[in-house]
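What follows are several structures.
One chain, chain A, appears in both complexes that follow, with chain B as partner in the first and chain C in the second.
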Partner chain A sequence: MSTASKAFEARGVSKLYGETAVLKDIDLSIERGEFVVLLGPSGCGKSTLMRCIAGLEKTNSGQLLIDGRDVTTVAPAARDVAMVFQSYALFPHMNVADNIGFGMRIAHTPKAEMSARVLAAAKLLKIEHLLDRKPRALSGGQRQRVAIGRAIVRNPKIFLFDEPLSNLDAALRLETRVELTKLHHRIGNTMIYVTHDQVEAMTMADKIVVMREGRIEQIGSPLELYNNPKNLFVATFLGQPPTNVVETTVVESSAAGLTVAVGEDRLTLPATGAVLTPGQTVRIGLRPESFSIGQGRGALTVLVDLVEQLGNETLVHCQLANGQTLTLKLPGQINPPAGSSLALDVARDQTMIFDGDGNNLRYDGRAE
Partner chain B sequence: MTDTTVAARRQPRLPGWVRRLPAYILVWAWTAFTLAAILYVVMSALKTKREVLRSGWNLPQEWVWSNFATAWTVGRLGEYFINSLLVVGVSVFAILLVSTPAAYVLARARFRGRETLTNLFVIGMGIPIPMLFIPIFGILSYLRLSDSLTGLSLVFIAISIPVTIYLLTGFFASLPSELEAAAVLEGCNDFQVFWHVMLPLAMPGVLTALILNLIWLWNEYQLSLVILNSPQNRTLPLGLYSLQNAMQYTGDWPGMFAGVTIVIIPTIIAYALLSEKMIAGMTMGAVK
Partner chain C sequence: MIRKRLIVLFLAPASLLYGGLFLLPTLSTFYFSLFNWSGFGQDMTFVGLNNYVRLFNDTVFWLSLRNTLAILFVGGFFVFGLAFLYTVLITSGIWGKKFFRLVFFLPNVVSVVALAGMWAYIYNPRSGLINTTLSTIGLDSMAKTLWTSPNNIFWAMLAALVWVFTGFFLILLMAGVDKIPTDTYEAADLEGASLWQKFWFITVPMLWDVMTISFVIWMINAIKMFEFPYAFGFLQVPQQLYTLGIYLYIMGFGQRDPIYQLGYATAIGVVMLVLTFVLIVVMRRLLRREQLEF
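Right, the complex of A and B next:
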């Protein structure tokens, strides 16, 4: 695809704070209309990358392009982006209408046009009855909408969201998440969204960018990342509860399959294509939901530590014979007593195998 | 857990109001003292010469409003009042005009030498004013501004800038930086960010600076005494002093009390109007 059709592109972008590199050689391209989530733990550089896109931070090297135009040194306001901040950053001394219309007021937009556009944005977000209120007289959810309204009214090429849901309570977060996704479908602008919450990322994104320590670890659709993580970090970061990582010893590796020893138990997994020698230690990744209670002897034997009932499913925390812990997510309501042993079957094709550097040996790079 | 709570309950604890009593007594005593002093001054300003010396705390037998007229015209406090109003008004306006943007830049902008500059202002606050009498007088004479209200204003402005900048820097530093970022993204240049967003939010701080400067400059005596010589240039505190000197010959004490009332009323009014905002301003930095 030609560059001109990309909504956003970063080419070799780096950013230093003093001696510390917070962004290291970032390459990223985003198609028009995509909802892209930058996901990673605190301090991974996702917010810094977003602030660089907005122009609030200067990059040390590399290029930023919006709609094919090099904006690396362009002033924030001239980049045609709008940002919703974590704290909403509403101007406390202005009412809702003035907050939403602030950019137009600065640009000396005629009053009639200004009020029409403010009203249209307010109606879209169902806050037209709040236009005269000051931010302090609004609830968290309402403030959030006003902040989004201030972004929408400018109809920017790119929307930037910096953890916009993190200040809302759980119920409201779920509701707003759905509304944001609907809003994206309705207005269709490109959106870049920063979060450390993998549920938000999985549910909202067309494309997730997983970041760690200033680098991009993997880019892909939510299910691509979930099913085909590039490495241990991506595998454990996505999914709740996190993937179980178990140390095993290779017993036999051939084109037919890989057999590993987990304590006394033997697991036979599909072949990896990598050269593994018997006696070598490999880590395998087992999603909590890839277990089922075994028929007969089962593949793995575990001792139950603790059971958490969620109603529709049950989380079972247990131990392998060699002391390694596992978390199982089983459908329905079961209640094995603590200290009892369970025989488990494992969905073998969902298993991930990691080498010493944490790379997924079953990663299929073509999927990206 | 249970043991400690039981033990805590067993300890004799005084009721809240008893524990706060010493503080209340102190505050009420202070308030009573201040109010009594003001009341005495105002009451005495409305008495006859003879009654002031005799009746002490009694209410005036007849209300002699003409004392104020005497102080205003014969004591020339009318002229001095205008002088004070001009000097203090212009000075406070100029101090805020210079200090507010300067404080914003010192609090927010990142540039080489920012800390040095901030420290320079802090050092400026520490210089005792009497040390400056001779240099100030020298400079003003050189500029041919000694014995002039313009000269006095310039000195007031120069001396108040460090403490005002110091005060306001704290306010601006306490404002969330995301608001600035939001304003920048909405298309504001640096000045517009200051004018439309940061200045309105720092208003409690600016009002605090305004009232503190207003009160100290309105009552300022030392510098005015050094700089001003001509009777027609006197400000109110100097005027009051000359009125007191005159009393030695005329014995018109009610006139002098009327003069004192004229001097203190404006600051009381200003404080009454702005104190709520000022308290909000003083606590803002602490809570944020």
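Right, the complex of A and C next:
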């Protein structure tokens, strides 16, 4: 296996805080120029993994390689990475130019070169008019750009972003998200980005690494993960509103297909290849957008609880006859009254089937 | 209206105490310094600025002033030099941060008189810690040094004083450093800053407010310095140890033999007050910076 072309590699990396393992045997490889998002709920270890890559935390075992060079015990500054902190970590007593040029200043870079590089970075981020200001005279979005500027000016092998958008308001977050993606296309450096926001992950990443409790659950492109999740956790973590998980009973399983009972209704799904016996309980995952209002009787009958109008689409919260809840995302504006019954068709090839351990029986490992 | 009266009512006790026990005596100091007065009875002779003229020609006063300024500047240099050095070392992530902080602060919880007594043993020419250590490691000629001889006693006292005060200012500075966000240092680490560069470019500017207030506290302490050199001098304080505070006390109340020149002593007090005021105003002007938000 050649490591020369990999921008970053983690081999069996573990990290303990006292007795608690926060990273468990992490294996990860990142190609040059990739935008990789580490995604997971709070406490899953994503920020710790990033801090280990930066060298701000020591690992307990395993190896970290940047550009094929083992950096496991190398000092942060010698790893050729730059990090944008969640809090931005700007130096409050320095103006924008000094913040961006701090690294060059302490490395005794000639002044002319320093000014030129600071100005180039500032122009790239459209903050050249702010160079004389102190951080406290900047808005949240501007501070964030300065923090990014401080990273860009070093032209590192790897950029590390630790939830950089979480302190911005919703509108600015959307704008900055797009700008960061454009920036990545323009400068082309490898970027590793930590977030718990699946929308950021889906929209920005070339590759998403889903983490849970210190382990990597699945790695893949956004659509691979969305369409082909390995397990229930990945399936429910990606997508908004989350995937509906419905308990069903197997009626018949053959090479031709799988029929399950959802209360009185019968749902026929594509075959899974796994051995399922009639009477066995399986959970099926149904994306909110995989429903449509049935022509005629429909496959599932539900009672409407609540309708949320979003203008371009409608979220319908409803119940199956056996009390299990479903959220539907239907295009356009419809307004079924609460308490009314709806007959639904289901896009069968989009359904996921999970065994007792939560593994997706339709998961196709070759897709990765 | 009722609200106004309530405010006056609540402020009155503190204002009366402050006015009666601090403001009024301070102002009367100026008044008494214009008199020849033993401090007892009504026998006060107005002498105008004579007390100040006498001070100007008093070699003991100049010695006391020189000692006070030596404590302020030479002592201050070492107190803050060491406090900063320890702050950098202790906050650099070494083991036992709390332990070292405790060890350095410990002299501050012991009575000054006891500390002065302890240093008297340390400096003892025959059985003291310093000279026995020096002779043990073979530096016999140095081991004969009389640390408390008239030539050495002030500097010996100052060294002990630095030891006592460093811990206190270390605590103040470390509390300030603890307030600086960790990620600021981490950002500097990623940029490749050395320990010294982090201290100079981040700690000092972000600690500015704490530093300024620490300097002011030290300045006030140094100018009114009394108890440690007095206790160090034991029963009969030699003139080499006189500070303005000690000289004031001795002129006002005497040592073994009473002197009772309270008018002259208050003139010294006025000089101390003016010195404190002027130095603090100058220092605060020199150290003025805009407020930081972090």
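FYI, the second predicted complex is superposed on the first by the 367 of 368 C-alpha atoms of A that agree within 3 Å, B and C clash if a C-alpha of one lies under 4 Å from a C-alpha of the other, contacts with A are read in each partner's own complex, and residues count from 1 in each chain.
Assume a residue touches a chain if its C-beta (ideal position, glycine included) is under 8 Å from a C-beta of that chain, and two chains touch if they have at least 3 such contacts.
Here the structure is a predicted model, which means the values were calculated and not measured.
Aligning the two structures on chain A places chain B and chain C in a clash.
In the superposed model, A:Gly358 makes contact with neither chain B nor chain C. With both structures placed on the common chain, the touch criterion links A:Arg136 to chain C but leaves chain B unconnected. Looking at the shared chain after the overlay, A:Gly33 reaches neither chain B nor chain C.
Of the two partner chains, neither chain B nor chain C is touched by A:Gly62.
In the superposed model, A:Phe102 makes contact with both chain B and chain C.
Of the two partner chains, neither chain B nor chain C is touched by A:Gly257. By the touch criterion defined above, A:Ala77 lies against chain B and chain C together after alignment on the C-alpha atoms of chain A. On chain A, the surface patch touched by chain B in one complex and by chain C in the other comprises residues 54-56, 76-77, 81-83, 85, 87, 89, 91-93, 102-103, 106-107, 150, 154. Interface residues of chain A facing chain C in the complex, by the touch rule stated above, are 54-56, 75-78, 81-83, 85, 87, 89, 91-93, 102-103, 105-107, 134-136, 150, 154. The touching residues of chain B, when paired with chain A in their complex, are 176, 178-179, 181-188, 192, 196-197, 200-201. Chain contact summary for the complex, chain A toward chain B: residues 51, 54-56, 76-77, 81-83, 85-87, 89, 91-93, 102-103, 106-107, 150, 154. Contact residues of chain C toward chain A in the complex are 181, 183-184, 186-194, 197, 201-202, 205-206, 208, 289-290, 292-294.
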